[in-house]
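These are the structures, in structure tokens.
Next, two complexes with chain A in common: one pairs it with chain B, the other with chain C.
Showing the complex of A and B:
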């Protein structure tokens, strides 16, 4: 890992080179009353004062709807066009949070579990993750309870820590990160002295011991806690769709006449339709069984199967929930 | 101890109801609370921050259990209940309806009729911020409105929080999930999103009570309640007031209809 310093002008210059290089840059942008990722071409478009975007940026590698292949029938011939890897552009995800970067590791585990998913891996290969460490947090944040932290570099290609004044510490963590820095090597300076990054990070308290949650969950399948916690849950997909690691999907056919596409689109285990069988039987017939699945999948099944956590503590699900299903509160009560 | 807490405690203690659906303090906001034990009644609160529409839970038998349920109803909740009653979705003997006045007095309704009478005197109020958006929409021409909604709805990711939060979206099978034939593209796309939101608005035509739960629930802050709000305005203008007359516009037919095409 290499540590560098960049000043405000350098940052501007570097950003311009990224755009000039043809990368599509996505960054948090202030909307009417939410901050969310949008494609930007100027550094000035990027939101400065925010804790967290409403949505995660998982759509960069796992779009809300994508074509897996298309086909054209003519007589007895069927011509199939596979997923077009060349159509994927280079992307820079700018100013994501450390919890977002960590989310990509979980997604990568899911999309390579028993089969290496071509669209996902192609997109990820062409994506460079530039995280900014967090100087502030809110009461929904709990990264430090799930092995993360406001300055964690896990998953990032580059991490930037803004320093008092207008400069920044740049940690170059991977070869992809190095390539991005080399687009504008003149913009960076060597560090004149060691910088203690910790001084500039938000203080995010540890709320529960992860091991304790895992242990409690291992015997909680039949616990009344699921029904108690999920009574008010409306069964919408807001939590899953804003989550950086939720990867449930549905497969749909977009057929028109003799041509069509097969589409993969977001789905959620919180929907009653998700597990409904053709027979009418539903193995998860109530919202409490679906809520249990959500928690067990993230904190029990994923760690067991792919050695990755299904939660990065970003708190988006809690902020998005119309009935205040606060995951931190629920996990804390499970751990107790 | 507030009067609401006292009331809930006595209802539960006497076994008059098996649970009280009300509100409790949540994280930075209030949230729905299903109070089943007399020792939990202290958690019940009621104030201007209680905005969830609790009527959404009243059509879910698995949540209600077998026994009478008390509901701490805000004015928007009561309006939705009134519409659900009109649509034959609620059994009177199942519910004990309560509300709390500005003076923190608890009102207990003897039944749906008394609740309707109480509602009759209360006008639907639209706050300033809402009115500004409505005025902005009214000031647009057709093309501008189309562009506005295309832009707004393009970000929709179809989490269906709008549907889940709406007390009047109680269908056991939603049109968006019908796949033979597939009326609406189920994935999020500019066309599919537009199809969903137009369908949602049309299915609520003359039924929407203007509570705003749909857009309050939208995690992306899309002002979708304006679609049904404008629908209410149109129906008021073309067919007469929506609330207090019986039936609903989509399922009502009159021989003396002024339009020819329907005859």
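Showing the complex of A and C:
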């Protein structure tokens, strides 16, 4: 890992080079009442004062709906056109949070633990992740309870920590990160002295012991807690859609006349149709069984099966929940 | 890294269509691309994602035996959008196939044992693959008993093959229909599969039981097998959880830490005791 320093002008210059190089840069932009990722061309468009975007940026590698291949029917014949890797543009995800970057590591686990997922991998290979460490947090944040932290570099290609004054510490973590820095090598300076990044990070309290939660969950399948916690769940799926690690998907047909494409789109284990058989039988027939699946999949099944957590402590699901279900409160109560 | 697209189906030509029962059809499929046909191999128990272009994909087992080369077969009941789309296809038409996916019945481990097949309704297809595999390598097994039931005589699938098995001296076939489902000339049993099985009372010594059927049939068949002395590790079944991707990603068939599409669809009764009952 290489550590560099960059001042405000350098940052401007570097950003301009990224745009000039043809990369599509996505960054948090302040909207009327929320901050969300948008494609930007100027550094000034990037939101400066925010804790968290409403949605995660997983759509950069796992779009809400994407074509897996397309086809054309003629008579009894069909011609298929494979997923078009060339249509995927180079992307820089700018000012994502450490919890977002960690989410990409979980997604990569899901999409590659066994069979390799070409559409996902094609997008990921062309994406460079520039995280900014967090100087602020709110009561929904719990990264430090799930092995993360406001300065965690897991999943990032580059991490930037803003320093007092107008400069920043730049940690170059991967070869992709290095390539991005080299676009504008003149903009960076060597560090004149060691910088203690910790001084500039938000203090995020540890709310529960992860190992304790995992242990409790391993014997909690028949616990009444799922019913109690999910009593008010609407099954709307908002939690899954804003989550940086939720990757359950549906495969559907988008056809018109003799042409069509097979598309993959976001889905959620919280929906009643998710596991419904055509016969009418449903292995998870109630909202409480679906809530249990959400929690156990993230905190029990995924760690055991693919050695990745299904949660990065970003808190988005709790902020987005229309009935104020709070995952941090629920996990804390399970740990107790 | 393997850079092929796991979602891109093989193109298959429907070589032959057989009507099995009301709404139930068998397709015999041939790879349109010869290289893909050459490279293709599967084992008994594996499944695939079959697609009607314009409608989508559905999950069925491969119903033909791996001992029969040059084609695969699937049997399905017209129920939803995809199976309705498939039902409209005619011989010679093109459809899609992804697979083979999932684990297999361990026929090699079963050498020297007797086999008991217990199937209900549209669940004979996954078993038919194993039955033919065993019959084509008949010298590997001792007794072969098949107990098969359906709602009515009309609902029995593979009627031609049932006749063939009936005639064979090396197969003991018992067919049954639910009370009220019999016809005046019906010569088989009348009664539900679990009770007919209890009456037939096959020997459990050195015997593997393979059970496929609707959840309710499996629920009542397991205790009968237990009574007959079958150990949990010698009772096999397949789980039929909803699937989309077939390759352990879309999340639908996740039960506990297992994915039915990757760790199944074949499970022993002993394995089922270790996972949540979400199937």
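Note that in this section the second predicted complex is superposed on the first by the 335 of 336 C-alpha atoms of A that agree within 3 Å, B and C clash if a C-alpha of one lies under 4 Å from a C-alpha of the other, contacts with A are read in each partner's own complex, and residues count from 1 in each chain.
Everything below uses one rule, namely that contacts are C-beta pairs under 8 Å (C-beta built on N, C-alpha and C of every residue); 3 or more make two chains touch, one makes a residue touch a chain.
None of the values given here were measured: they were computed from a predicted structure.
K.L.:
With everything superposed onto chain A, say whether chain B and chain C fit together or clash.
P.N.:
Pair status: fit.
K.L.:
Identify the partner contact of A:162: answer first if only chain B is touched, second if only chain C is, both if each is, neither if none is.
P.N.:
Once the two structures are laid over each other on A, A:162 reaches no partner at all.
K.L.:
Does chain A have more residues touched by chain B or by chain C?
P.N.:
Between chain B and chain C, the winner on chain A residue contacts is C.
K.L.:
Thinking of the overlay built on chain A, is A:119 touched by chain B (first), by chain C (second), by both, or by neither?
P.N.:
In the superposition, A:119 contacts chain C only.
K.L.:
Does the superposition put A:275 against chain B (first), chain C (second), both, or neither?
P.N.:
Touch status of A:275: second partner only.
K.L.:
Between the C-alpha centres of chain B and chain C, what angle is found at the C-alpha centre of chain A, to the nearest 10 degrees?
P.N.:
Taking the centre of chain A as apex, the angle works out to 80 degrees.
K.L.:
Identify the partner contact of A:88: answer first if only chain B is touched, second if only chain C is, both if each is, neither if none is.
P.N.:
In the superposition, A:88 contacts neither chain B nor chain C.
K.L.:
Between chain B and chain C, whom does A:250 touch in the aligned arrangement: first, second, both, or neither?
P.N.:
both
K.L.:
Contacts for A:195 in the overlay, against chain B (first) and chain C (second): which applies, first, second, both or neither?
P.N.:
Neither: A:195 stays clear of chain B and chain C.
K.L.:
Is A:220 in contact with chain B, with chain C, with both, or with neither (first, second, both, neither)?
P.N.:
Neither partner.
K.L.:
Touch test for A:318: chain B only (first), chain C only (second), both, or neither?
P.N.:
first
K.L.:
After superposing the two complexes on chain A, what is the shortest C-alpha distance between chain B and chain C, in Å?
P.N.:
6
K.L.:
Could you give the residue numbers on chain A that contact chain B in one complex and chain C in the other?
P.N.:
Common interface on chain A, chain B vs chain C: 250, 252.
K.L.:
Tell me, which parts of chain A touch chain B in their complex?
P.N.:
Against chain B, chain A makes touches at 31-34, 36, 54-55, 64-65, 139-140, 231-232, 234-238, 240-242, 250, 252, 254, 263, 265-266, 268, 271, 273, 286, 318, 320, 322-324, 326, 329.
K.L.:
Over in the complex, which chain C residues touch chain A? Could you list them?
P.N.:
1-9, 11, 51, 53-57, 79-80, 83, 90, 92-96, 214-215, 240-242, 244-245, 247-252, 254-257, 262, 276, 278-279
K.L.:
Chain A touches which residues of chain B in the complex?
P.N.:
Those residues of chain B that touch chain A are 26-34, 52, 56-57, 62-63, 155, 157-161, 163-165, 177, 185-189, 213, 216-217, 219-221.
K.L.:
Any idea which chain A residues touch chain C in the complex?
P.N.:
It is residues 68-69, 71, 73, 76-78, 80, 82-83, 110-111, 113-119, 121, 221, 247-253, 255, 260, 262, 264, 267, 269, 274-279, 281, 283-284, 289, 293, 297, 300-301, 304-305 of chain A that touch chain C.
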